[in-house]
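The structures considered in this document are given below.
Next, two complexes with chain A in common: one pairs it with chain B, the other with chain C.
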Partner chain A sequence: MDYTFQFGDVFAQLPYLLGGALVSLQIAFVSFWAGTVIGIAGAIARVYGNPLARRVTGGYVTFFTNTPALVQVFLLYYALPDAGVLLQPMTAVLIGLTLNAGAYLTEILRAGVISVRRSEMEAAITLGMSRLQILRFVMLPHIAKTIYAPLSNFFVWLVLGSSLAALFGVEELTGRAINISTANLRTIETFAVVAVIYVVLTLLASTSLALVGRWAFRVKAKVI
Partner chain B sequence: MFRRFFLLCLALALALPAVAPARTLDEIIKSGTLRVGVNPNFPPMSSYGKSNALEGFDVDVGRAVAQSLGVKVEFVTTETAQRVPFLVSNRIDIALGALTRTPQRAKLVSFTVPLHTEAMGVITTDKVAARTWQDLNKKEVTLVNMRGNLSVDILKGKLPNPKVLLVDGNADTIRAIAQGRADALVENVDFFLNFTRNYPNVKWRVLKDPIFVAYCAIGVRKNNEALREFLNVLLYDLHSSGMINDTWKKWYGAPMAVPVAVDPFF
Partner chain C sequence: MFERILQDAPQFFAGSNLLFIAQAMGRTLAMTLIGCGVGMVFGLLIAVVRISTTPLLLPLRALLVLYVETFRRIPFLVILFIVMFVIEPLIPGASLLSIATVSVCLLSTAFLSEVIRSGLESVPPQQIEGARSLNFTFMQSLFMVILPQSWKVILPPAAAFIVMFIKDTSLASQLGVVELTFAGKMLVNRGFSPVLGFGAILVAYFILSYPLSRFAAYLEKRLASS
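On to the complex of A and B.
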């Protein structure tokens, strides 16, 4: 009566699963960096912007952090076609997760922007630095140090959250896991293997983020 | 970090063998309830009706099984991909939801004699010129299907050329065709035709000639022999009394496309 575990059917499909893991990483990577661009702009607008800009970014953050990412992608994928915009599965997922990440990263980065001391900003202006130079040499190093931990947490969340793409026809890790477990019905074994792949993915992700942090901003982050 | 990772793997390895054994026929009767797995989003097999209670073919069959056992019925909702995991992890005693019988699946769960058949046909629109299902075997055609449907694998052999888009639910497949994401769905037409009502402006077409016939059975845990034997005997009675076909007609408005041939020996 007892269940016997058999991993053979799953291990035979390992290359197929790893191909899906690559797609998962791509989704997380693209939406993270595109979201970071939105996040930097949003954070600056929320801290230094005029009342209108603060309102608009505030509304954006409230909307996207208070609705599930799944619902956001669902609307992009299935509701937009009725308005004449037909997004490909991958495009819809990337836009959805980018907008979602942008909202969370706005809040995370805002904490970093606030951490920049007023005296340092004044010193930079006195030195005649341009706005871009101030951003690159004064603000970003501060921001990076303050928000390093929540930022890498969020990237890990994105790697795991990319699994929702399976519901919209993207063949990433979770989608491929469901595909093969449909045929072999070894669901527990399949998802046990997939869980280990996800752990490896997130370890890789946080390691590379730590390296980027050390190299670009001299953040003292543990690599492993 | 690595130590934590290994601890995690260890915890996972320890958690795996903790799968509970299935309930035997005696234990089900003693407990007074039969747990039946049905799909909540699968009209007219099973779905939440107007009164917000589960109704459909599977629900009637589940009730008949429980009644004959003399126990109460408890419906547990499972999505397509979760039917067998729910059975394996002992959350349900029997799995319904058009569980297609295949040798690969039979290595893992036990099947009763067939409950009903599914004849695969094509749902498409007037935008696609195909007259038979063979006409769909072109590179520029996109077939939509549900992740977790066995027909995905079978179709790779029958129609290898088209692109495949896998979405989440029955309604999503029809929506994908209506919105122009896909050209056709090859599945049991009866299961999906209801959803085309949401898109009355689309000119739907059905190619009925069956591509292949699959048999759906009631799934039980591997080696749960007493329960399976009971269900086989009961299914013979339900088939030969006409209960199965009448119930099918009641929910689908038409007889089963390919009826199950009843055999008293199994």
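On to the complex of A and C.
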């Protein structure tokens, strides 16, 4: 094998790639928070809802967690035009990832809600705490401790999962890597650099999330 | 949309298409099973090396940490591209399916080694000290003391990760491996309604992963109480 690695062509495009990393982060960020809204509603429906609401959210979670996000986005992107709705690639990816994230976040948040023990709620009521006080001083500390680590892991997972947007022509990190490598034909070098960017990006994300968790919720989260 | 589905349905559910989907399902399953089998074996090896404390293995441990942390932090799509462009010049005739399988192996080894390591670490150190004072060798204490107690901690998350790998193999369609997702694309390209094509593929994935995720939930409940 005589192959000389030439990283020069790739390093010249580093600003372009880092811009793509920013787009990846944006996709992850939007679908995370939109998914959290779905997740909160879903978790409340699953824990406190009537049997019908429980069934519906249960079905939603089971379906979306057992099928690949890629095929879900395919369905959105290629099937909706039949019904007269034409989605931009970015919109389709965001909707697909949000629905997918909502299902996972429902499960994570549900674990948080049920981590509050009934006896503690009763004790809080006996002490004459108001609803807001109960939420703030009894429920939230428990919920935060249970869900913070899985939530930050899930955010990292979403950053990695956002790479599927490249297959629809969205120019995020992987998409831009594909663009560059088809132009300069330095595929291995390009993807090696992109891999390093992903590692640094997710390490930064999990480190800062761990620091925030330690500072705000006193959660001891491991980075590695 | 609905007229088109109704119009396509009789032809879509003809035997040949279903057989095609079933074959694609077999490929998806094969990639996942081989990947997870290899991942379990190598993951166990990595986990054992990582919990060992000999200074002799320190460089190897550092390398393994680097491998595990890197592969857990790269999207599977990027792993696929890198593996493809590394393997293709080295082994010219390598099939796309084998390239995708190697990628799944690399991914699953990294993730499962972490699961197995946390399982091994869940065994209280007194047990290992006890085994050592009874003059057990490292292998004996691993197979007779540590593993029998740690599989309870390992199995539920491992099953959940296997469900994740089933879903991740859908990205291999991008290389051109004719697994479920690619089969769906081919059916849609043949002119069938996308709702039918991708809908059938979603159902096929569901059939593969639902029993496994139920099994994972069952294990979690059952093993947690004991």
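By definition in this document, the second predicted complex is superposed on the first by the 194 of 224 C-alpha atoms of A that agree within 3 Å, B and C clash if a C-alpha of one lies under 4 Å from a C-alpha of the other, contacts with A are read in each partner's own complex, and residues count from 1 in each chain.
One rule holds for everything that comes next: a residue touches a chain if its C-beta (ideal position, glycine included) is under 8 Å from a C-beta of that chain, and two chains touch if they have at least 3 such contacts.
Quick caveat, the model's predicted, so the values are computed rather than measured.
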Check chain A with both chain B and chain C modelled on it and let me know: fit or clash. clash
For A:Pro89, select first, second, both or neither according to whether it touches chain B, chain C, the two together, or no partner. first
State whether A:Ser163 touches chain B only (first), chain C only (second), both chains, or neither. second
Looking at A:Val71 after the superposition, I want to know if it touches chain B, chain C, both of them or none. Which is it: first, second, both, neither? second
Once chain A of both complexes is superposed, is A:Gly59 in touch with chain B (first), chain C (second), both, or neither? neither
Touch check for A:Gly19: first (chain B), second (chain C), both, or neither? neither
Is A:Asn179 touching the first partner chain B, the second partner chain C, both, or neither of them? first
According to the stated criteria, A:Ala195 is in contact with first (chain B), second (chain C), both, or neither; which is it? both
Check whether A:Thr187 is in contact with chain B, with chain C, with both or with neither, and answer first, second, both or neither. both
Counting contacts the way the document defines them, which residues of chain A are shared by the two interfaces, the one with chain B and the one with chain C? 1, 3, 78, 82, 166-167, 187-188, 192, 195, 199, 203, 224
Considering the complex alone, what residue numbers of chain A touch chain B? 1-3, 5, 78, 81-82, 86, 89, 166-169, 171, 175, 178-179, 181-188, 192, 195-196, 199, 203, 222, 224
For a test of understanding, state which residues of chain B touch chain A in their complex under the given definition. 1-2, 5, 8-9, 12, 16-17, 19, 21-22, 24, 81, 84-85, 88-89, 104-105, 107-109, 147-150, 152-153, 165-168, 172, 175-176, 179-181, 221-224
Please output the residues of chain A touching chain C within their complex, sorted ascending. 1, 3, 62-63, 65-72, 74-75, 78-79, 82-84, 156, 160-161, 163-164, 166-167, 174, 177, 187-188, 191-192, 194-195, 198-199, 202-203, 224
Residue set of chain C touching chain A in the complex reads 1, 4, 65, 69-70, 73-78, 81-82, 85-86, 89-90, 163, 166-168, 170-171, 173-174, 180-181, 184-185, 188, 193-195, 198-199, 201-202, 205-206, 209-210, 213
